[in-house]
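Consider the two complexes below, in which chain A is the common component and chain B and chain C are the respective partners.
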Partner chain A sequence: MNRVKRTLAPYLLVLPGGLWLLLFFVVPMVTMFSLSLQQGDIVNGYVFTGHWQTYVDAITNYQTQLIRSLVYGLITTVALVVMSFPVAYWIAFYGGKRKSTYLFLILLPFFVSFVLRTISWRQILTDDGMLLHPLKEAGLLSPGFHILGTSYAVIFGLVYNFLPFMVLPIYVALERIDPRVVEAARDLYAKPLTVFRKVVFPLALPGVFAGVLMTFVPASSDYVNSGVLGSSSTTMIGQVVQAQALANSNYPMASALSFFLMAVLLTGVFSYARVLGTEDVMNAAAR
Partner chain B sequence: MTQRRFGRRDALRLGGTSALGAFLAACGVAGKGKPEASVAPDAVQKFWSGKVKNGKVDFANWPLYMDPKKPELKKFTAKTGIQVNYQEVIQEMGPWFAKVQPQLSAGQSIGFDLMVITNSLQFGQFRNSGFLAPLDHSKLPTYTANAAKKYSQESFDPGNVFSIPWASGITGIAYDPKKTGREITKLADLWDPAFKGKVGMFADTQELANFGLLAAGLKPGDSGEGEWKRAAAKLKEQKDAGLVRNYYDQSYVDALGKGEVWLTQAWSGDIFQKNVSDGTNFKFVIPEEGGTIWTDNFAIPVTAANPVDAIMLMDFFYEVENAASLAEYINYVCPVPAAQAQITKDAAAASGEDKALLTEVAGSPLVFPGDADYAKLHYYVDFDTAEEQQTFAGIFEPITLS
Partner chain C sequence: MTTQTLTPPATAATPAPRRRFRLTGERAMFAYTWLIIAWLVVPILIMIAFGFNNPKGRYNQTWQGFTLKWYKDVFAISDLTSALVISLGIAVISSLLAGALGTGIGYALGRYRFRGADGLNLIMFATMSSPELIMGISLLTLFVSAGIGLGAVTITIAHVMFSISFVSTVVRARVITLDRSIEEAAADLGASPWTTFWKVTFPIILPAVFSGVMLAFALSIDDFVVTNFTAGTTVTFPLWIWGATRVGLPPQVNVMGTLIFAAGILIAVVTSLRSRSKAKRD
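After this line comes the complex of A and B, so read on.
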């Protein structure tokens, strides 16, 4: 009896979460995959025909936007690592008693909705707005100079919006480093840079890894920033999916694009895990 | 052993794959409505028989399409005892259709008895799917008496079988005369290299296509694939020359206000309202080559719980006083010609700023266009089949999404 209980226990424990995933992740995913292989229109309904051509069309028609999304995601992620590491380092090692206050300050803007924050940047960066207008008046910028509608604006928005998702995991990893390890390295006459390179950074890697996961994937598939801050020459794949699904009711195309993007992102994430020597992605993210 | 044996695992795997295939085929999106139900000769009688007044109506409309104090709705409740739950939930036609389509095709209520939908691609989708209740014209006496006759001839719903207008509007060009430094009179100005990077166009493929067609000397109403390609080439030329700053939704008003664009495709009422509320001095013109006219329409979803209350409210807005007070606020084209005299009367009774404003509204060709204005206005591209729609979208989309 006891043995039965012991064998069943793990399954029972996984049941609530498992059911949740099955219902709200697996079922929609399978439905979406099925939809990507269907043909028809919204009025007469879609019928499953195993039409793989939609994938070919999706990739050939929208390769520019796909590549652009990945490039924007990559630039954003690199910029975030470079910006977040010093911040997280400073909070973890020099934050003292105020650590939680500093972390709270980083999170503070996030009490306002994502879309509202992005629209606020639009107000600030606009052509005759509070930032550019005085500079143009002073003759420091040409009257035609603009930021809105360029790739810079979109990447800026992405970096701004995803910053805490990089700072927090890196902070958590750094926070866990035992100060005695650093002390020991110094005792062994390691220079500060060597301590960082050989001790601190390798120990913080799981945090960087988690941060990259949490920013690269959503940044590449984001459609708000490029919609609000960009123009028709900064269209990202998320916008195409949105337009196909909502404006055109072309559900197969929207599903095919989403699935393809997911496949590309997963491949990217797993090869990144390989390179980093972290075999078990989830393990690294959870550490 | 060089060859792998076909083992139990493989059998399971194969079985799994074909089961997955069957499963994939079984799930998906049912788009089918019941088009035949609403075009049958007895459709009107069938839909309306047994339906009674329930004392409430849920009304879905676009933002900024009624005075926030809702004087007309208060009046309606006082007169009929029907409570109106007014919600500004419609922002764009495509997403609205996508949102309510699953409920409508399942025969469930969408939570609204009345909605305002534009004569867009989606109007056709609503109609062809059988999602719109056929209107009982015996319940619309005021509409029959007061509406301008031309509205019964609109190509998207001839004879007003499923819809009657809420308001119409004109798509033309809005500009900031201080920035352009000259008067803007024609579509060709949107292609003028002098305004490089300062031109705004609409992201909506139909609106965009209409201007491309008109600029290429074609008529949207009777265009086909060949014409669409020519229009797209014309628009591509404009884009490649770096003239277009962006393709906008309603946010073009903001972009014009912030100097992001100097001249832009625009909807008539917006500019009037912007000038009044922000004290700006933008101009709106119907281009020499022509502009387009569109209509936002009242329609009752087939699954409405309170259709009788809804149709009473529709008819109520055709009483001259109500039509006039609505037009005074929203400044879009009013479907009731007699409202013009009413607004002139209201202007005479008002004083100061209000008087000036009402006089302007009554005399405005944007609210009450004359025959000469109508001659310059074109209807939208018509589609016969869903395939045609997809072809159209495929031609114009690469311009806005690139």
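After this line comes the complex of A and C, so read on.
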């Protein structure tokens, strides 16, 4: 009796949460895929017709926004790796006793709502705002100069909002490096740059991968930054999906676009994983 | 956590010029790190400052004088206040639910080997790495197809869904590092498995459960994307702000943002100080 109880224990513990994930994560994904192949409308109901044409329409009508989102996501991710590495490196190797304080400061933005932070940047960067107005008054910028509504503003917002997601995983990877490995490289007369290139960076790669995963996917599907800081010429696919789902109630189109986007993002992530070697990826994922 | 040893091993073998170079590189990185921190803080400082601004018109973006009136009238906009109350309510309920469900999964994954654990791990990984946009749309299609009306209940369901994996991961990490000999000692002293769990194991993993619940609370109160798709006509705090962007934000939003920020910092500092003093005592 007791043995039966013990073998049942993990299943009983997992059951409620597992069911919740099954019902509200797995089932919705299936529903979404099915709906993307259905025809009809919200009033008369939907019928499954295997209508792949929605995908063709989605891709041909919105290829500009799709490509733009991936390009923005890519630029953001590359900028994040370059910008975050020195920060993570300095905190991990020179942070000393203050490490947790520095990490806390990096995480400070998360104590303010994501939407509110982005709007705060809009208030700063607006045409007659506190940044551009004085510069224009001083004649350093032409009166017609603006930042808001450009792709620079959108990418700026994406980089700002996702920076901590890149610093943290790289920090975790660097922090795990055994200092003796670095010392050994130095003892073998490796120059500082060689130590970095041949020892530190390869060991930090799983962290970089985790960071890319945590930033590229959400950045390319984001619609808050392009909505608040961008204009009609910076529309990203997230905005299209949001408009199709919430304004037009065109659920098949929103589903098809979402499913296609997810497929593209996952293909990108997995080919990146193949290049890097699956073992490192599993380690990064497990963290 | 001890890598202080990694500061340059200043041996006599290191040539002097290179040491000086490394020192300036270190200084440059120090300055750069602080520059990034300053950049991260800019919009927060602006938010705090403009809660004290006294704007004449509808737009609160140029400094027009100091006032405390928005702190006095912080709840004057009833829609905004009710949005905040709804957000807090959803965050409390969903973080407690996700805490309970996630602890079950985290404990099982950390303690037992069982059939289906790999699949469960995969689903958890998928929920943590899926774009919020896609989770939002897929939940919307489910609720629409099933004819479930959108509102506070569907928002809560969604928030519990994306929080479970985070809670489980935190709890699992604690359970894995648990010293089993303490439990064995309790069993040797005649405690039943049930008693052992509640008297020994649970108090040890409680801090992890607590930080999981706090994480779920933070994820819920700040969530915009998934909430946007599952809210229907219900308005939460982030949704209200989003809706008000086109007409200009009232200073009350800055005040509420500042108060939430201060409360968050306070809780984080207190818990970290408490765990630090506890670590010292142990």
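In this text, the second predicted complex is superposed on the first by the 262 of 287 C-alpha atoms of A that agree within 3 Å, B and C clash if a C-alpha of one lies under 4 Å from a C-alpha of the other, contacts with A are read in each partner's own complex, and residues count from 1 in each chain.
The rule we apply is simple: a contact is a pair of C-beta atoms (placed from the backbone, for glycine too) under 8 Å apart; a residue touches a chain by one contact, two chains touch by 3 or more.
Predicted model, so just to flag it, every value in this text is computed and none were measured.
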item: Partner chain in contact with A:Phe48 - chain B first, chain C second, else both or neither; value: first
item: Touching partner for A:Pro109 - first (chain B), second (chain C), both, neither; value: second
item: Partner chain in contact with A:Thr76 - chain B first, chain C second, else both or neither; value: neither
item: Partner chain in contact with A:Gly129 - chain B first, chain C second, else both or neither; value: both
item: Which of chain B and chain C A:Ser226 touches, first, second, both or neither; value: neither
item: Chain B versus chain C as contact partner of A:Thr31, first or second or both or neither; value: both
item: Which superposed partner A:Asn161 touches (first chain B, second chain C, both, neither); value: neither
item: Partner chain(s) touched by A:Ala245 [first = chain B, second = chain C, both, neither]; value: both
item: Contact breadth on chain A, by residue count: chain C or chain B; value: C
item: Chain B versus chain C as contact partner of A:Tyr89, first or second or both or neither; value: second
item: Overlap of chain C and chain B interfaces on chain A (superposed complexes); value: 31, 35, 42, 46, 126, 128-129, 245-246, 251
item: Partner chain B, residues of chain A touching it in the complex; value: 30-31, 33-35, 37-38, 40-48, 50, 61, 64-65, 126-129, 144, 146, 148-149, 231-233, 235, 239-240, 243, 245-251
item: Chain A-touching residues of chain B, taken from the complex the two chains share; value: 21, 23-33, 35, 92, 94-95, 97-98, 101, 125, 128-129, 197, 205, 239, 244-247, 258-260, 386-387, 389-390, 393, 397-402
item: In the complex, chain A residues that touch chain C; value: 6-7, 9-11, 13-18, 20-22, 24-29, 31-32, 35, 42, 46, 83, 86-87, 89-94, 96-97, 99-100, 102, 104-106, 108-117, 119-124, 126, 128-130, 133, 160, 163-164, 175, 177, 179, 182-183, 186, 192, 213-214, 217-218, 221-224, 228, 238, 241-242, 245-246, 251, 254-255, 258-259, 261-262, 265, 285
item: Contacting residues of chain C [partner chain A, same complex]; value: 1, 3-7, 9, 18, 21-22, 25-26, 29-30, 32-33, 36-37, 39-44, 46-47, 50, 60-63, 100-102, 104-105, 107-109, 111-112, 114, 116-117, 120, 123-127, 129-135, 137-142, 144-145, 157-158, 160-161, 164-165, 168, 193, 218, 221-222, 224-225, 228-229, 237-238, 241-242, 245, 249, 253, 257, 260-261, 264-265, 268, 272
